[in-house]
Amino acid sequence: MPKRLLQKTMKARVFCNNFKSGGGHLYGLESINASNGWAISIVGISIVFSGLVSLSLVISQLYKVLALYEDPSKITAFFKSKKSKKVDEKEGEKIITIVLTRSQKETVKQFALLARTLDDHFSLPRLLHLAQISGIKDPYPSLNILLKMRIVESDENGFFMWKNEVSDRAVR
Amino acid sequence: MPKRLLQKTMKARVFCNNFKSGGGHLYGLESINASNGWAISIVGISIVFSGLVSLSLVISQLYKVLALYEDPSKITAFFKSKKSKKVDEKEGEKIITIVLTRSQKETVKQFALLARTLDDHFSLPRLLHLAQISGIKDPYPSLNILLKMRIVESDENGFFMWKNEVSDRAVR
Amino acid sequence: MPKRLLQKTMKARVFCNNFKSGGGHLYGLESINASNGWAISIVGISIVFSGLVSLSLVISQLYKVLALYEDPSKITAFFKSKKSKKVDEKEGEKIITIVLTRSQKETVKQFALLARTLDDHFSLPRLLHLAQISGIKDPYPSLNILLKMRIVESDENGFFMWKNEVSDRAVR
Amino acid sequence: MDALFLDFYHNTGFYLWDYRYIIMIIVGMVFIYLGIAKDYEPLLLVPIGFGMLIGNIPIFKGLGLGIYENNSVLHYLYFGVTQGIYPPLIFLGIGAMTDFSTLLARPVLMLLGAAAQMGVFLTFLGALALGFEGNEAAAIGIIGGADGPTAIFLTAKLAPHLIGPIAVAAYSYMALVPVIQPPIMKLLTTRKERLIRMEEPRDVTKREKIIFPIVAFVLCCFLAPAALPLLGMLCFGNLLKEAVVTERLAVTARTSLIDIATILLGVTVGASTQGDVFLTTASVKIFVLGALSFGVATACGLLFAKIMNLFLKTKINPLIGAAGVSAVPDSARVVHMVGQREDPTNFLLMHAMAPNVSGVIGSAIAAGVLWSLMAH
Amino acid sequence: MDALFLDFYHNTGFYLWDYRYIIMIIVGMVFIYLGIAKDYEPLLLVPIGFGMLIGNIPIFKGLGLGIYENNSVLHYLYFGVTQGIYPPLIFLGIGAMTDFSTLLARPVLMLLGAAAQMGVFLTFLGALALGFEGNEAAAIGIIGGADGPTAIFLTAKLAPHLIGPIAVAAYSYMALVPVIQPPIMKLLTTRKERLIRMEEPRDVTKREKIIFPIVAFVLCCFLAPAALPLLGMLCFGNLLKEAVVTERLAVTARTSLIDIATILLGVTVGASTQGDVFLTTASVKIFVLGALSFGVATACGLLFAKIMNLFLKTKINPLIGAAGVSAVPDSARVVHMVGQREDPTNFLLMHAMAPNVSGVIGSAIAAGVLWSLMAH
Amino acid sequence: MDALFLDFYHNTGFYLWDYRYIIMIIVGMVFIYLGIAKDYEPLLLVPIGFGMLIGNIPIFKGLGLGIYENNSVLHYLYFGVTQGIYPPLIFLGIGAMTDFSTLLARPVLMLLGAAAQMGVFLTFLGALALGFEGNEAAAIGIIGGADGPTAIFLTAKLAPHLIGPIAVAAYSYMALVPVIQPPIMKLLTTRKERLIRMEEPRDVTKREKIIFPIVAFVLCCFLAPAALPLLGMLCFGNLLKEAVVTERLAVTARTSLIDIATILLGVTVGASTQGDVFLTTASVKIFVLGALSFGVATACGLLFAKIMNLFLKTKINPLIGAAGVSAVPDSARVVHMVGQREDPTNFLLMHAMAPNVSGVIGSAIAAGVLWSLMAH
């Protein structure tokens, strides 16, 4: 199959070259005809259009397919979100139990800034190290507070994540 | 012309090579003479000097030329600056009409920090996006205030600029 | 010496190749034997082990060697640290003489942030320039204070260093 | 020693100069001026302009100084241009900084990016008519694609002897978009059309954004395999960006990597414009055809938008058709500016980005098609 | 014109496709999916996955599109793979981001990194038994080293025709470390062993950290000179990091430089997996042997740790032996996770880093040894 | 198996070692020590020092490990040195970080940068006298230019076999500037002269700063076309910096690009010092001549400043003449330090930067002149 194609292509090219060989000396419509210009242009623009038209069709369908695909998950998500809301409320309660002093809030904010420079999942030693070189005071006890308040939570893979919502609420 | 040069150069090189061919076995003044060392050194340092001397001459003149060239613009600028001062005063009045609360000032400062990370001309959606991911609270209304206070101004090309002077005044 | 080695290696390789040449057609133990597989594996893993074992031995000794090497310096350091403590106390007194206002403390903090972006040894103009473009207010007088408080100190090479300990104490 | 001085003098630019070098040095300075003072695509015009200075210092041959001498440093750096290596690396970076959201929100606008490519093929015909060979004509036509790296890539593959003039023409006209497009836009649209407001685009999910580069790449390259080097890198870069987990690679692709490729491409393309090989009638024809190409592409985009309005329920502002030429993001900015002149509250920028980025895909496909049809 | 259309159609992927390309495109998409959705080594799987798409678009030969055609852009970028240039550059970056403190604090743990390399040599024997040539078997064995760049480097030197399958196998299994290792770890250890707490490591001085890369390099390369390209760059990068005064070079090495090398290595290794050359029984065997290799390496590390416990006063948790395979830092993370399942307060991560990084050194030495023993 | 062990042993460094490798390894460690502990040009000494370790591990030939073997990774990376590609890239970065303001404020100080180049030509004569060939002598002379990349560039073009010793000599002496220069400075100036305070420089406009690199490039390269690769990149980088609109390119040029080039240049230049080819009497002569060259260049700068004072109304502090050797910015720093020892309130640093940066231009011109006069 590829062999046949190759032969075809070869033939077509020889054919083209025959035309082209004199192209340099021709001008105007003659030159366009000689170089097969009209055909090439029409083929060319057709392909550009078919490419982008088919892409636009696929994308417009993709949107619907994904919507369908996501629908069940939305339903599930509906229940989940209720649950997680409850959890959130519980967390909210826990957080309220720890009233932060003004300077503690400051520290939390500084940690938040540091956390933004890290990957989503970061190691505790890394965060501590950063805190130390950034001159945050009492990094260990502060980190402890963060863990208690669940601002920093384990991802259960040995790494930790920063919970933006919780930290925002805490420093409000 | 280049042909003639090439011949000349060729000749010169052959000439040099003749000398040099024995250079490895010679020492001291003999070797220097054989390699045409004195001439090369004098030519060399002369060219270095003529390069830097002419450059220093051109630069010292450039300064004056530019000063002349800029002079008329200075005159124009004189008038312009008066005008812009007036505009500034007007802006100043407008700004005074919006008294910022302490937390609003804080927000303006945070936006100022974000703006510094952007190009001089930035798009509003980009700034908003940054504000959202940086956890600035109420980014939309805050941006509105910035626009009203002309801290963020359109560059009339669809992009916006951050006016440092205005923002500095606002958070003072 | 290298020549002899080369010959040996060559011989060894020819030898290997003889075995290997038929390797593609053999399977199982036969193939392993033909390719000298057992020997290569044993030699290989032995070298890996001897590399890491010797490295681990060297490192465990290195620790002790360095400790010995550092010991005298520690003794010297003991006296030095006393001296430097005294100096510190003196510095401390000097610092106390300058009581910073709240906003000055703020400025010191901002300078501290800037200093962290610089090399350990930085030039004053560079720091000033950064301060200006970062919008720190009154950079010149503030820098003056920093110099007086010895938060910024000359390294005696025309560059300056930021003294973290001193600045931390100052903004406390 | 006198002989040596004379000899050295004969090797200096003061002896070797030629009016064509001086012209090109002045052109280079104009490029630098336009880039810096007028802020026209400075990231391209300044490197190319300085490259023109470098390429037009009158130098003697044989030492390995010139870009066309083997073993010269410039020659090594130019290798990435002649072999078409820099353009795909630049496309990787462009992919890593492009946001296809607006396109995904309204895929029909993609047609405008296709329509503007008609300029490419019309210019191709024009170049044939002016006596260029087929491969040369194809390379000249792609100037209308308004995409520097694409133009350089195709020219490197089809007509390497024209890289200098075609690259310079492509980048000059891209820089001059704010000058070339507005009059055409006003000529071909009524005030009423220019006032049309676009519908707010729907929100696009992250999942769509991640799937888009994969689908776009596979589909377009199945159709036009020769678009692979450019589209492949564009879509790869975009996937790195949208995947989030590969953010660090996307950051490098859109900062150091694209910057290094841009610097080296710009300065060597500029240096390839040695006066004696550059200032020819062919170059003049290329510049004329290039300007034509840009104008025709703009017009095609606009008119196609007007045709689409005959079929669409919610009309689109035909101005955004002009952004189909690509020249990202200048062209979209010009659309926005022209729209705001009629109605300062009409925010067209975001909408114009859709045809704008699809113009990049469109001209990459056009380049692929022309390459495969024209290669020997 | 009809002929031209037909001709063009015969050059499209819709005509040229082959089931093997489709399979590989799907595999590429799975790689991308695993990288993005499952977060398995995304920095490797996403580039390789997209590279598979690029390499399996059905293209016609002769134009210079494919990675195996001279003068194609992909071919130029692939040069860094076939000549083994990217792996040392990646090792430079890895060196500049690796902290050897835990290793320095307890050098005896280095033995675990050596023990895991037994997997390499056992797989080598297995590959010989399955009928591979000696040089091929060596390249296959190194998959068990769990170190992508090392595997690519050795394969480029010994069996360049296998780069595709070996690289893909190595990176797939590295990504699947969290799936492959835990069952083996549970099988070979008792609950009591998994509960062992490690001693707090001593503090390591800056001076030790600076001297370490120098000593490690000189010692290991005197022993196994062929490890020079990889170990040299690893130790050089680490020295740049620890020296502090060379911080700016270390930063570039661990950001732009490693990222550029990773992007180019990933996408070209992916593109080298053209369906027609990739889907062979050899590839299947390589995948089977690779999985085996990983499993055996894990087991060797674990068991060696248990043997060490017979001699050590303060016992070590044998789980950390599994981190000796390298696959930094995933393998150490898995150790930590498995340990925490038994006792959530047991913090093994830091301790597992010691065998983890020594596994990198170990497999670089193993690669050097195999290279020098196997090269023609 | 015993045979295999023996065979392997014969390939290890423990068998192949030679006292010259050991000497060079120790030299490499001293370089690293000086870089890290003494902070002498660590960005150069640490990579070169570690490169020396890499290049002096005793390796067997044939596998493709050594820098002088084709197809070795080091050989590929060394290509940028032997072809003179890295130096212009480094100059691009230097241009993008250099501020020529002080030079523009007082252009007459540029003469000091020219004067110091006399050291180059005097050393050239000295090298001839010691029996070196003309091309070798020229490469040795440029050590006095106190500019590593320039020295490597010229040597790569004129005497590639001397790259190792010349590069090492150039960088060592640049690192030792704070040791070499002060005694000469004190010897040749009176206390009164060292106390001279410099006039405050006038403010320089942005426009001047933008025009300067263009004018400097065109003028100097018309005069000495062979300075084009170095001066072209230096001025291009500076234009990118000063143009502001091209800031992102300037940032990349002065961070990732220069860092990558510095790492690769440093480590390969270091690795090129293989003991058996490096430790020759020629190397010793080069080191002696290099030290001489530095001293003479310093003296020439100082004395020329004193001569200038005979003609100038407002006297200049002759110390700043010593900064004309370049070695940016160490040499200027040394001037400042020596000045402050006499008067702690005399701030010479900024003033010394003018001859310092003009020394870079001066030695690039000197290199160009020598190249064109000496090339075969």
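Order of writing sets the labels: A, B, C, D, E and F. Residues in every chain begin at 1.
Methods note: a contact is a pair of C-beta atoms (placed from the backbone, for glycine too) under 8 Å apart; a residue touches a chain by one contact, two chains touch by 3 or more.
In this text, all values refer to a predicted model and were calculated from it rather than measured experimentally.
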Farthest chain (mean CA position) relative to subunit C: D
Which of A-E and C-E has more C-beta pairs touching across its chains: C-E
Chain whose mean Cα position lies farthest from subunit F: A
Separation of mean Cα positions, subunit F and subunit A [Å, integer]: 45
Centroid distance [mean C-alpha coordinates] between subunit D and subunit A, Å: 26
CA centroid of subunit A to CA centroid of subunit C, Å: 34
Sites on subunit C at which at least two other chains make contact: 36, 38, 40, 43, 47
In subunit F, residues with contacts to at least two other chains: 4, 8, 11, 16, 60, 62, 223-224, 255-256, 369, 373
Residue ranges of subunit D touching subunit A (in the complex, touch as defined): 103-104, 107-108, 110-111, 113-114, 117-118, 120-122, 124-125, 128-134, 137, 205, 207-208, 211-212, 215-216, 219-220, 223-224, 358, 361-362, 365-366, 369-370, 373-374, 376
Partner subunit B, residues of subunit D touching it in the complex: 1, 3-5, 7-8, 10-11, 15-16, 60-62, 333, 336-337, 340, 348-350
Contact set on subunit B toward subunit D in their complex: 1-2, 5-6, 8-9, 12, 36, 38-40, 42-43, 46-47, 123, 125, 156-159
Residues on subunit E engaged by subunit D in the complex (per definition of touch): 4, 8, 11-14, 16-17, 25, 29, 32, 35-36, 39, 42-43, 46-47, 50, 53-54, 57-60, 62-65, 71-74, 76-77, 255-256, 259-260, 262-263, 267
Touching residues on subunit C, where the partner in the complex is subunit E: 13, 16-17, 20, 23-29, 31-32, 35-38, 40-41, 43-45, 47-60, 62-63, 66, 70
